[in-house]
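So, here come the structures, one by one.
Common to both upcoming complexes is chain A, partnered first by chain B, then by chain C.
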Partner chain A sequence: MALEVKIRVKNSLGIHTRPATAIVKLLHQTKSDVTFTHKRDTINAKSILSILMLALHKNDQIIIKVAGIDAPEVMEKLQKGFESCFGEN
Partner chain B sequence: MYRVGQLVQKYEKSLSLRPVAGAFDLSKPIKIAEASRPGLALSGYLKGYVPKRILVFGKEEIDYLADLNSHERHERLEPLMTPFTPCAFIPNRPKPLPEMVALAKAKEIPLFRTDLSTMALLNKLTLILNDEFAPSSFCHGTLVEVFGLGVLIQGSSSVGKSETALGLLERRHRLVADDIIKVKRREGFLEGEGTELTRHIMEIRGIGIINIAHLYGAVCVRESKNIDIVVALEEWDDDHSYERVGLEEKSCDILNTHIPFYVLPVKPGRDVVLLLETIVLNHRLKQMGLNSAKEFTSKLRQAISEKKRT
Partner chain C sequence: MPKGSSLQEESLQGHPVARGIAIGVPFVLEEQECIIDHFSIDKDQVESEIERYRDAICKSKNDIVRLKMELEQECLKDGVAVLEAHLQIIQDPLLNEEIEGDIRCQQKNAEHLFFEAIVRFRQKFEQMNDPLFQSRFEDVQDISKRVLAYLRKQKRLTIADAPPNSIVFSKTLSPSEAAEAKRRHVLAFVTELGGTMSHTAIVAKAKGIPYVTSRNLSSLQNVKKVKLAIVDGLKGQIIFNPKEETKNHYNLLCSQLQDQQKFLEVLGNVHAETLDGQRITVSANVEIADDFSLLSRYGAEGVGLFRSEYIVLQRGCFPTEDEQVEIYKSLLHHAKGYPVVIRAFDIGLDKVLTCLEQHRELNPALGLRAIRFLLHERALFKIQMRAILRASVYGEVKICFPMISCMNELIEAKKVVTEAKKELKKEGKPYAPKIKLGSMIEVPSAVMIVDHIAGECDFLSIGTNDLTQYALAVDRCNDQMSNLYSSAHPGVLRLINVAVRLAEEKNIPISVCGEIASDPRFVPVLIGLGVKELSCSCRFLPLIKQTIRHMKKEECKKLVAHILTLSSAQEIQNALVTEYKKNMPEHILDHF
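Here is the complex of A and B:
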């Protein structure tokens, strides 16, 4: 199963090391492939350096793509995480 | 979208650019990776003229325009200098014609002078534009230089790509980039490099983020490298039958370019660093025309046929 959702970064300091670590930890045990697309760049969301490379700041839009057997629950977790700014703000 | 400002910022010195008058709008997009001299179009023949190209007014064009009167100059230049023209260059340091400057201002076309000759500027611009507009993408993996060859190590998360790269650095090979590689397609080959932010940075589980250039020194890193082979690390699977002879040559496709591809199964007790070095050396040997597997097979065939005869 493949899912795709557009979201906007709400973290006031953007996606810096701490929220990026939270994303990677959240995806650590998942079986699905997860990618983030920002502008023209698509990266593997399970890699912390790749997420940091995007240097996402507040209000940047990204497209989350999740493909795999646990796609719905992974997408839900990610959406909740972005919504709650991964415990920041 | 590639903009004039990016071109100017990066190549201002190498193209020795100087803006002709005032501040121009450098946010204009360059949509076509081509620079052209107007030539015949200056005489009024506009069939096939592409306004989105970068304009270069060479010595002949300037001399031709200088022979015309002011009204004619404006008339000939106006259809060429359109709002779609990303920017225009005047090589050889001639004094820009006032009509050219006025049109550039009116249509907001950044106009630059340069000390380079027309052909030198065109050659440099072609190379620069080819480079900037080369098809590129990001790929996940670790790029290292091993015995002079660019090796892209791929594999699923936590299979040990970064750890293998660390082992290779220990043996004086070089890191280009870890985790995220920017791959550009050049003429017939691929080039990989790290991104500005994560260049020479590695993330090792249990340690965190480390800077290889600082830890191991400048000798263990390099900015970019051609991707010569791809090695996929994968967890050892007892049910999978792995390559035993090495006669079959696989390749993978990155940006429509075929790159030799090897699968390296990983399990405790297998020295991945040593095995990867062996793959690279064997690949180099093949490039030199020596294929150990094929050589062995032909020897074997000969031995069998000789046995039949006796």
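Here is the complex of A and C:
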């Protein structure tokens, strides 16, 4: 199953080390492939270095793609995470 | 520098970073960033080379896990968060798949390919247009050192190998290395590079480990031959192979300082008043959360200066609003009803970007720092103001703006506070209605317009460290300039005099923070000038209070009148020492 969702970064300081760590940890045990696309760059969301190099700021828009057997629950967790700023703000 | 064979006493003047005295055996940490081996491997060696790489990653990962557990036990939350990120980086698929692929395709040794990958990462990070994100390369670099050390053939000596009574000598020291130092084993740090405000310096101060840097530490090999060394973290001195006499002197000094501190602490909670009845408020300068609990132990009447940027330096990134609220709340709790002055982040690009050469400003002290940085990064500034306002319901908090040099900066800064208040009101988040706003007086131009600044502020605070640096045009972090950097310079004392006079005219309270408020010899000068509040380092509070109790305000005024006629720092210094010795009982040492 493949899902695609557009979200907006709400963290006031963007996705820096801490939220990036939270994202990667959240995806640790998941079976799906997860990518983030920002402007022209698409990266593997299980790689903290790739996330950091996207340098996402507040209000940046990204497309999350999740493909795999646990896609719905992974997507739900990610959406909740972004919504709650991964525990920040 | 110690000459190879001689065992004669030699002394080296360096730059003091963290105070304290240590007598111990040198433990030299070798330079890690030496040449990386580069060789080809046969096709049938590929799998074992990949295995060797995985092994190095696994060992490094175990190190980080162990270190993280240690920090968790010490309740150092910020350090844990950093290591948590390191753990994710070291397991990063991007990095590991790339290296394993490279070993297969290129058939070269792992350390060479790993090093090349790190260089590529560095370039990618440097291309980003946001300095705050760029600075994250620092984490990658810290990890890469660890992995490379495991990939190298020879065994890597780490700070954890230091035997008891070690003084660690190294070219540089990363914060994680400093964190790894066992308190009972490592008595002091000496490095060739590193500044007073580096992350490593903060860790050293937090652990109470004396730290001196010296650019003259050119040959670490020779230090290895030294049997015993003394580090004087106050004077910034390193003594190799001390004579029996020197050793005895420092041993005695160590025990005397301990005894004196105990004696003074007993009187810690008694307030300070001169012999002729002038009450002086003595508050504390605070840098890190570990210091909060020292406030009542040393009898601080509030916090005269909370250097909030240390939160950022310690964790390597800016804390969120909620995290800041918690920190400020905890500080107010420990202040037990006394007022707390929070100075907005006195930080610049040089502090955020310690790993990226290209962004170094030629002259960071004169560049985008403190209030200039905050007004440039308004979102960050507002988050801090919101956090302080939200914490204001838990105690008396005041906000102080750093490095104000003209009225416009002050007016703009106040606007940000007003905006923050409006936002909070809209969101229904409570804050204390009247929060006092103040300005640091640490730039000579600000001194000359204190009357105008006073019109826009509720209080003022003279920061003598920066004031001295800016008035004398001497970089206070440059050890080659240390003979010129002196707050006893008549120019500096006259500036303080002007600031206090202008503040008095406007009837606005003015306090002094900075090193001279922690130096008992300067106390009579400050009292004589009319200062009624001093803010000094926690550990010096009892000593400063005791000094005040031996002074007479009238005598202090006479001393000031005399000193303002003197022409050199040396003459003033001599006059201060004479006055101090005249007033203080002999058992109070003058090694501060």
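Basically, the second predicted complex is superposed on the first by the 89 of 89 C-alpha atoms of A that agree within 3 Å, B and C clash if a C-alpha of one lies under 4 Å from a C-alpha of the other, contacts with A are read in each partner's own complex, and residues count from 1 in each chain.
As a working rule, a residue touches a chain if its C-beta (ideal position, glycine included) is under 8 Å from a C-beta of that chain, and two chains touch if they have at least 3 such contacts.
The shown structure was predicted, so the numbers you read here are calculated from the model rather than taken from an experiment.
Participant: Could you look at A:K25 and tell me whether it touches chain B, chain C, both or neither (first, second, both, neither)?
Facilitator: Touch status of A:K25: second partner only.
Participant: After superposition on the shared chain, which partner residues are touched by A:H16: those of chain B (first), chain C (second), both, or neither?
Facilitator: A:H16: touches chain C, not chain B.
Participant: Looking at chain A, which partner touches more of its residues: chain C or chain B?
Facilitator: C
Participant: Per the contact definition in the header, classify A:S50: touching chain B only (first), chain C only (second), both, or neither.
Facilitator: both
Participant: Of the partners chain B and chain C, which touch A:D41 in the superposed model: first, second, both, neither?
Facilitator: The answer is first: A:D41 touches chain B but not chain C.
Participant: Just checking: does A:N59 make contact with chain B only, chain C only, both, or neither of them? Give me first, second, both or neither.
Facilitator: After superposing on A, A:N59 lies clear of both chain B and chain C.
Participant: First (chain B), second (chain C), both or neither: which does A:S84 touch?
Facilitator: neither
Participant: Based on the A-chain superposition described above, do chain B and chain C contact any of the same residues on chain A, and if so which?
Facilitator: After superposing on chain A, chain A residues 17, 44, 46-50, 52-53, 55 contact both chain B and chain C.
Participant: Can you tell me which positions in chain C touch chain A when the two form their complex?
Facilitator: 81-82, 84-85, 88-89, 92-95, 121, 124-125, 128-130, 132-133, 136, 139-140, 316-318, 320-322, 379-380, 383
Participant: Can you name the residues of chain A that touch chain B in the complex?
Facilitator: Residues 17, 41-44, 46-50, 52-53, 55.
Participant: Can you tell me which positions in chain A touch chain C when the two form their complex?
Facilitator: Chain A residues touching chain C: 12-14, 16-18, 20-21, 24-25, 44, 46-50, 52-53, 55, 57-58, 88-89.
Participant: Can you name the residues of chain B that touch chain A in the complex?
Facilitator: 137-138, 140, 157, 178-180, 195, 197-198, 201-203, 209
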